[in-house]
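Following this message is one structure expressed as C-alpha cells.
Per-chain residue numbering starts at 1, and chain names A, B, C and D are given in the order in which the chains are listed.
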C-alpha cells in the first residue's frame, strides 16, 4: 500500500502536449500511422482545456487499442470489441469524466459491431476514434471487415470476398448523431475534427484512416498523398459549398436521378454546388457513399445533429423518479405486508 | 436406429399450404400476430414452388424464434441472436438449401446485431424475417432495442430512454441489398413481399411489424388499422409514383432542403411525385426515415439492388483456386523438404 | 376468527397434523400464481412457517386447457419449521381437467381434490387427453374428491356487478381462494386490502373480486360438513421474535444488494440482460433509483458485465446477473475482472441445462462452471444462497468480499429460490457490520510513484482508485502486468508471481469467512449429508427424520464454496461417510474429493424439480446401510 | 560434407556429447525465426532428432534494439531421442546487446556466446540498459565469448550486389546461419534451395543471401581454430525407417484435420476468428481448398463456432479453433452442440491467462475449463496433443470421436506445440483406419415416424440427417427434447433420462479408445509422473534420468482426458505416489483426485515457458524422498 500525502490541488490547469504523454515506451512498428494519431491527440488535448486526471481512454484489443498506454490519463485496455460497453459503465457511473474510446476496424466492426451499434443509438457522451487500417494489425495481417475485395492476406490467400463495411455508413445506420472522417497524417485537420468531436455532446464517431506499414501499406495513399490531396479530398465545412480541387470542382445533386455529381465550378455553376448542411442525414449518406476516384473522398465533419446524450437522460430520469423520495432502507425492507412475532411472554 | 426403406422420390412436387404445417402444437398466446405471419408463410410457400425437404428455417430465441417448430421443413431453433451465423454455416455447406432466418427485434437487433451486420454485408443468399413487436415477448415484456421512447416495461418502469434502432435503416447501413417492410395482418401484401424476398439472390431483409397482444398490444394500430390504412400506408412499387390515400397524396423531394415532402396530388402536381426506384439507396434512406404520422409508413420493397451472393462468390473462388489441382493427400503430407531414414541394414 | 369456534375440528386428510401441503393448479390464465401468492401472505400473517414452489409453464400464455399450459403453485405451511415446499400435496385444487391430469401424480394417497366441475366439459376433457370424465368414472377413488361447479358459483356471486362473462369468470380464483382460506382459518383482511389496492380504478372489478372471495369463504362455512371438506387447525409456528414479511429469493437478493452497497457506502450499478429466471432481480432494482441504484439493460450479457466492470472501475459497486446461456457468455469478461482486480458481483440464477435447456425449471448444475469455467488460472470466490430469505445475507456477503478483496465474486442461486417465497424476519441495522469501501485518493507521501498493483499485506487487495483522482493517473488492462507497477510484463518470473498472488488472494479469503457450521447434528458421526444452495430444506428435513430414527447423521450446508471455510476438511473427516445430494450430476462432490480426498458420494437428481424429502431420506438410508 | 574431414573434432562446450542446444537471438527485424527454421530443416535432414522453441515478442515489430523487441529461436538436437527444446543453451547467438541481455541467464556455464560486435554500439548498449560494453568489461567471464563484427563482415560479403545498406544488413542472419551450419556440419543444400525459391524474382537479393551464407560458412572454416569456436560432430539419431519432414504443431494439426475429414469421407468446414497462437491453423487450411476444405473467417468466435455447428448440421465436419478469450466466448454455443448432438471439433491452442494474459506465451491452464466450463451438465470429450507431430494423430482421433458419437470434442494444444517444430515420419494410408460417416437418409421401413433422437444401441449416437433429405424432415434446437422424438419436452422424467443419456454417451467413449499406456517404465512402482499435453518431452527426459539413477519412476502421459481410458485408475493405483507436473496451478490433478481418489500431487509452473527437464527432475526427487 502506498502512503498518502495531503490532497493535491484538483483544479484543472493548462497543459502542454508533453503532459499528455505517459512514461510507457511506445510499441508500434516504426512508421505506423498510429504514431501520427497519437501525436495529434496529444497536441490537441491542451487546446480542449481537458484535465488529464478527468480523462479516461478506453480501448479494446488491437495495435490501435494500445493507445491508452501512451496517454498520461486514466486508461483501460479492455477486451476485444467491448470498449463501448465498458465505457458505458464508466460514464454512467461518473458523467464528469471525459471518455474517449479508441478502437480498430477489427475491434470495433468485427467482434465489437453490436456494442458499437448500441453505443451509437443510445448516444453516450464520448468520443469514439476508429483507427481504420483495413486490416488486423496485431494478429499479423488478416483481412478485416473493412478490407477491400480481393485483399490477399493469410486468411484470404486468394483474395478477400466479404464485401467491406463502410464504417461511417454503419454509424449512421446505427443512429449516430456525429460522424466525421479524417486520416492519420492530416495533422492540420485531424485536431480540428477532434475538437469538434469533443465539443459534440453525445457519441462522436470519428473514423481515422490509418496506415499499417507492415500489413497494408499504402492502401489510402491514392487520396492521402500530398500530391493527390487537392483533387481527391473534399473537406467539408458546415454552411460552405462543397468545393475541392482548389475550388475548381464541386458537388451538385442530379435532381433527376437523385444522386451526387461532380461539376466543374464556374461562376455560373457555382450556385448549383451544394452547401454543406451537417444536419442533413440524407446528404450525409450520399457523401459517405461516394466512390473514389470518380468522386473525391468526403472528409471532416460529415454529419452533426445533436440529441440528448444517454447519461444526461439517465440522470434526468433518476432526478424525476426520485424527486421527493427518501432512501430509507429500513422502510424498504419493511415494504409490503408485515407482521410481528412477539417474544414468548 | 430406424430401419430403412428404399429411396423415396426426391423430386420437388407441388405442395399445398397444409403440407407446410408441422404436427407441433402452436404455442403462441391466443391473438398473437405471429399466427398471421405463420399463416401467410405457409400460404406462400406453395406459390414459390419450394420443396419442404430442401427448406430450412433457422431461428434464435424468442416467441418469434419458435417459428421453425411449426413449419413442416427442416428447422433449427438455435441460441439467442446467433441464427445468422448458424445459417451461414448451413448455406456454405449446402448452397442448394433454401434458408430462411426468423428472428425478433431482441434476438436480431439486441444480442444478435453483430451477426446481422455481417450477414448483410456478406450478402448470404437467404431470407431474413425480423418479427418486430418492439418488445421482448418470451421473457415477459421488457423493452427491446426497437421499443419507443417512454415505453414502460418491467425494466423501464419510468419509461424507456434508449433511442430505438430503425431496423431497415440499420440494415441499409450494414450494406443490405434487399430491404422490405410489411406487417402481420397484411395478408394480401405480406405474401407478395415474401415472394420478392425469395426471388432476390442475396440476403433479403424483411421487417414485419408484429403485434404482441400481451406485452405491447396495439403499438402499430395507428397505421395497420384497416381504417387508417389508406392515409397511413405507402405501398411502394418499383417504377410507380409514390402515391397513397387513394392516389390523392404523394411524395416529392424538396430540392432545396433535400428532404421528402407530402403533397396533394392533382394532375399538375403528379409529375412532381417521385417514381419509386428500388435501386436508389439514398431515397431508400429517406423513405425509411419518414416520421409517422407527418408522413405515411413506407411499406413493401423499399430497396433492391442485387450483388453477387456470398456462397456464390465462395464457390467461384473455390472453383478458381482449385482448378487443375488434385486433392492428393499423400502428396500434401509430403509437401516441403523431406528425407528418408532407411531401415538398418 | 369468529367462525373457527363454530366448526368441529376434524382430522385433516393428511398424516401430519402440524403441516399441510396445498397445491393450486389451473390454466395459465386462471391466476394460480396470484392466488398462491395471496394465500402465502395470509398464511404468513397467520403465524405459520411456510415455503412455496411456483411451477409455471415456459410459454407466455399457452392455449387454454392444454396440458403444457398448466400453472401450479404449491405451498407447505404449518406450526413447525418448514424448510421445503413439501414432497406431496395433501390438497390439490384443480381448476380444469388438464390441471388435474398434470398434478395428480404427486398427490398423497387419501389426499383431497377440489375440482371445478364446471370446467370438466367434453372439450376440455379432450384437450387434456381424458377419454372419460375422471370426476365421474371412479378413477379418483384413491383420493377424496370434492367436485364443485366453481365457475358457476362464481358467476352467480358476481352477477350484480355487470361484468362480461369473461371478466366474471376471471374472479373464480378468488372464489377458490375464499374457500381454501376458510379451510385453514386464514384472515381475509390482507387479501381484501390487496384487492382494494389492485382494482382501485375499477370499482366493479373490486366489488366482484371481493364478492367472489366472500362467496367461496361462505360456501365453506355453510356447506355440508360431513363430506371430505374439513377445517384444519394449525398452530402458530415458533419463530424468533421480530417483524416479518414474505420474500421470494429474487426480492431478498435485490434488497441484499441494496443493503450491501449501503454497507459498503457505494452507489450500486446493476448491468443485466433479461433472461428467465434472473430477470426479476433487474425488475426489482429498476424501481429503486432513490437508493443510488443505476440499472442498465444492456444489449447482451457481455455488454452487461462489461458495463458493470466499467462502473466498478469508476468507483461504483458493479453487479451483473444472468442464467445459463447468459452466464456462459460472461466468462471472457470475468477474466478481465480477475486480471484488473476490480470488485464485481456476478449473480447466477441457475436453471436447467445444457444450452437453452429448461428455462423455467430449477437446477444446480453451474457450480463447477463457477469454480473452473474460465480460460487460464482464474480464481473467483463462489457463494451460494440456500433459501429465499438467505439470499439477503448472501448478497451482502458477496458485496463484502468483492469490495474488501478487490475481486469478482460469483453468487449462485437458482430458479426455485428465485421464485419461491417464505417468511423473513426483517433485519435491522445492527444485524450487519458495515464494510465501507476505501478508495485510494492520495499519491504516496514520499514522492515515490503510485503503484496500482501494490497490495494490502493482509487481504492482498490492490488499491481502488477512481478515475478523476488527481495524482494517481495509471492504466490497467487484461494483459499480464508487473506485480507492482501494473505495467505490461510478460516476463516468466512475474507471471509466476502474479499467478501465485491471484490464487493466494482468493485462497486467503478463507481466513475472513465464518467457520463451517453443522446445520443439524453433531460435528462427527456415521454420515455427513453435505449440500449447498436450494437443497437446504429437503436435506435438513431428511436428516431430521433419519436422526429421529436414531441414525448418527448430520447435515452440513456450505455457503462458501470457493474457497471453502478453513475447518471444512477437518469437519468432514469426522464422519465415516459423506453423501452429497445435488440437483446435478455431482459437482460439489468433485470439489470435495479433489480438495479433501474423501470418498464423497453423489446423490443426483436432474429433473428440473427440487428434491423431495423422501428421496433424500432414502438416499441416507442407503448410504448408512 | 567435404569439409567435415578437414576439421579436428574438438569437444563441444556442453557437458553432453550427443545433443546440443543452440539459441539464436536478435532483434525482431533480424529474422531469427527464419534462421532457426532453416537451421532446423538442415538439422533434420542431417539425421538428428530435434525439438525447437520459437520465443518471440507480442509486438508486431517492436522498435529496434529494445529488450522487449528481442526474438529468439531455440533448437535442441542430437544423436539421441530429443523430446524437449532443451533446458539451457550450449550456444547463444546474440545479434545485439538486447538479445544478449535477455538471453544470457539461461546459457550454460561455460557455454559459447557468438555476438555481433558491430551492433554493440553506444546507442544500442543504452537501449539494452548496459552501462558498459559486456563484450569488453569482463562481465561474461563465466562463458566463452566470440565477438565478431558480423554486420561488417556481411556488408563486405554482399558489397558486389549493389544493395542499399539496409538491404545488405538484412542478410546478416544468413551469414550467421552459414557460420553455425559450419559448426555443426550441416548440409547447405536445402538452405540454398530455399533461398533460390524465396528470392526467385529478385536476383540481386538471391545472390546476396547466398553470398552471406557462404561467407559465414567460409569464415568458420578458415578462422583461427584455437579459439572457442569448435566444430561439433553429432551422430545421426536412431529413427524408425520412413519418409520424414519437419512439422510444427499448427502444420500437423491442419494436416490431421484434412486427413480426419478424409477418413470420415466428409468435407471439412473450418470456422475461426484470428487469435494468437491459434491463427496459423486457419492460415494453413485457407490454402487447401482442393481438399474439400471450406474456411470461414467469422466476425467473432461465437459466429465461428456457430457457423461450424451449422455446417455440421448440414453434413460437413464442422471445426472451430481459438485460444484463451476466444474459447471463453464459445462456451454458450458448445452447449448447443451438446444439446443437438452434432459432431464438432473445437481446438484450443492454449496460451497464458487469465484474460488477454500473455498471448504469445504457452500454458496449459484451460483443462478444467474444457472439462467443466459450461452451464448445465454438459459433458464433452477432451483430448490433448503432446508434441508437434502428435497433433496429426490427435486431430484424426478428434474427428473420429466427433462423428462416430455425434458430439463436440475439445482438442487441447498450446502455444508451444503450435510453433515448435520436430521431425515427423510422414504417415501413409495404412496408418489410420477409415471411419466413414454414416448419414441416415431413409425413413423407417415400417412407416413408423422418424425419430431424430433414436439412438445407436452401441455408441448411443443419434442419427445424422442432412437437411435436404426427403422423408426425414425434423426440427432440433437448444431446449430439452424428448428422448425419442426430439420434440420439446420439459417433463421431469425426460430431463432426468436425457441428462443420464448425455453422460452415458460420453462416458461410454472410454470403451472405444486405447487403454492408457505407460510412456516409460513399469506399470507399477514408487512414483508415477502423470502428464498431458506439451509437457511430454521434459517429463519423459526427467523420468529417464531418475530411472537412470535407479528410481522406480514411470511416466504416464494422457491423451484422452475426458473420459479417461478405462484402465487408468487401476494403473495409477499400482504406484505408491503420483506426481502431476503441469503448466497450470494443478488441473489434471483435480480430475485425477476426483475420479480415482488418489493423492495426486501437483507440480506447477506458470511462467509462460515450458518445463525444464531439471525442474521436473528436482520435483521427482522431492516426490520420492
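Just so we're on the same page, a contact is a pair of C-beta atoms (placed from the backbone, for glycine too) under 8 Å apart; a residue touches a chain by one contact, two chains touch by 3 or more.
Predicted model, so just to flag it, every value in this text is computed and none were measured.
Peer 1: Count the touching C-beta pairs: is A-D or B-D ahead?
Peer 2: Looking at contacts between chains, B-D has the larger number.
Peer 1: Going by more than half of the contact pairs matching by residue number, which of A-D, B-D or B-C reproduces the interface of A-C?
Peer 2: Matching pair: B-D.
Peer 1: From the C-alpha centre of chain A to that of chain B, how far is it in Å?
Peer 2: Whole-Å distance between the two chain centres: 30.
Peer 1: Distance-wise, how many Å sit between the C-alpha centres of chain A and chain D, to the nearest whole number?
Peer 2: Centre separation, chain A to chain D: 39 Å.
Peer 1: Per the centroid of Cα atoms for each chain, what is the distance between chain C and chain D, given in Å?
Peer 2: That gives a centre separation of 46 Å.
Peer 1: What is the distance in Å between the mean C-alpha positions of chain B and chain D?
Peer 2: Whole-Å distance between the two chain centres: 44.
Peer 1: What residues in chain B touch two or more of the other chains?
Peer 2: Within chain B, residues 61, 79, 110-111, 113-114, 117-118, 145, 158, 162, 314, 317, 321 contact more than one other chain.
Peer 1: Which positions in chain C are in touch with at least two other chains?
Peer 2: 289, 299-300, 325, 332, 335-336, 340, 355-356, 477-479
Peer 1: Looking at the complex, which residues from chain A come into contact with chain D?
Peer 2: 25-30, 61, 63, 79-81, 110-111, 113, 136-140, 142-143, 145, 154-158, 162, 214
Peer 1: If we count contacts the way the header does, which residues on chain D are in touch with chain C in the complex?
Peer 2: Result: residues 58, 323-325, 327-329, 331-332, 335-336, 338-340, 350, 352-361, 363, 365-366, 368-369, 371-378, 477-480, 490, 492-493, 495-496, 499-500, 502-503, 584-585, 589-590, 593-594, 597, 599, 605-609 of chain D touch chain C.
Peer 1: Help me check something: in the complex, which residues belonging to chain B touch chain D?
Peer 2: Going by the criterion above, the answer is residues 1-10, 22, 24, 52-54, 56, 58, 61, 68-69, 72-79, 82, 84-94, 96-97, 114-115, 117-118, 314, 317-318, 321-322, 325-327, 329-330, 332-344.
Peer 1: If you look only at chain A, which of its residues touch chain B in the complex?
Peer 2: Its residues touching chain B are 109-114, 117-118, 121-123, 145, 158-159, 161-166, 169-175, 253, 255, 257-259, 274, 277, 280-283, 285-286, 289, 307, 310, 313-314, 317, 320-321.
Peer 1: Which stretch or stretches of chain D touch chain A in the complex?
Peer 2: 59-64, 66, 68, 273-276, 279, 282-283, 286-287, 289, 295, 297, 299-301, 325, 355-356
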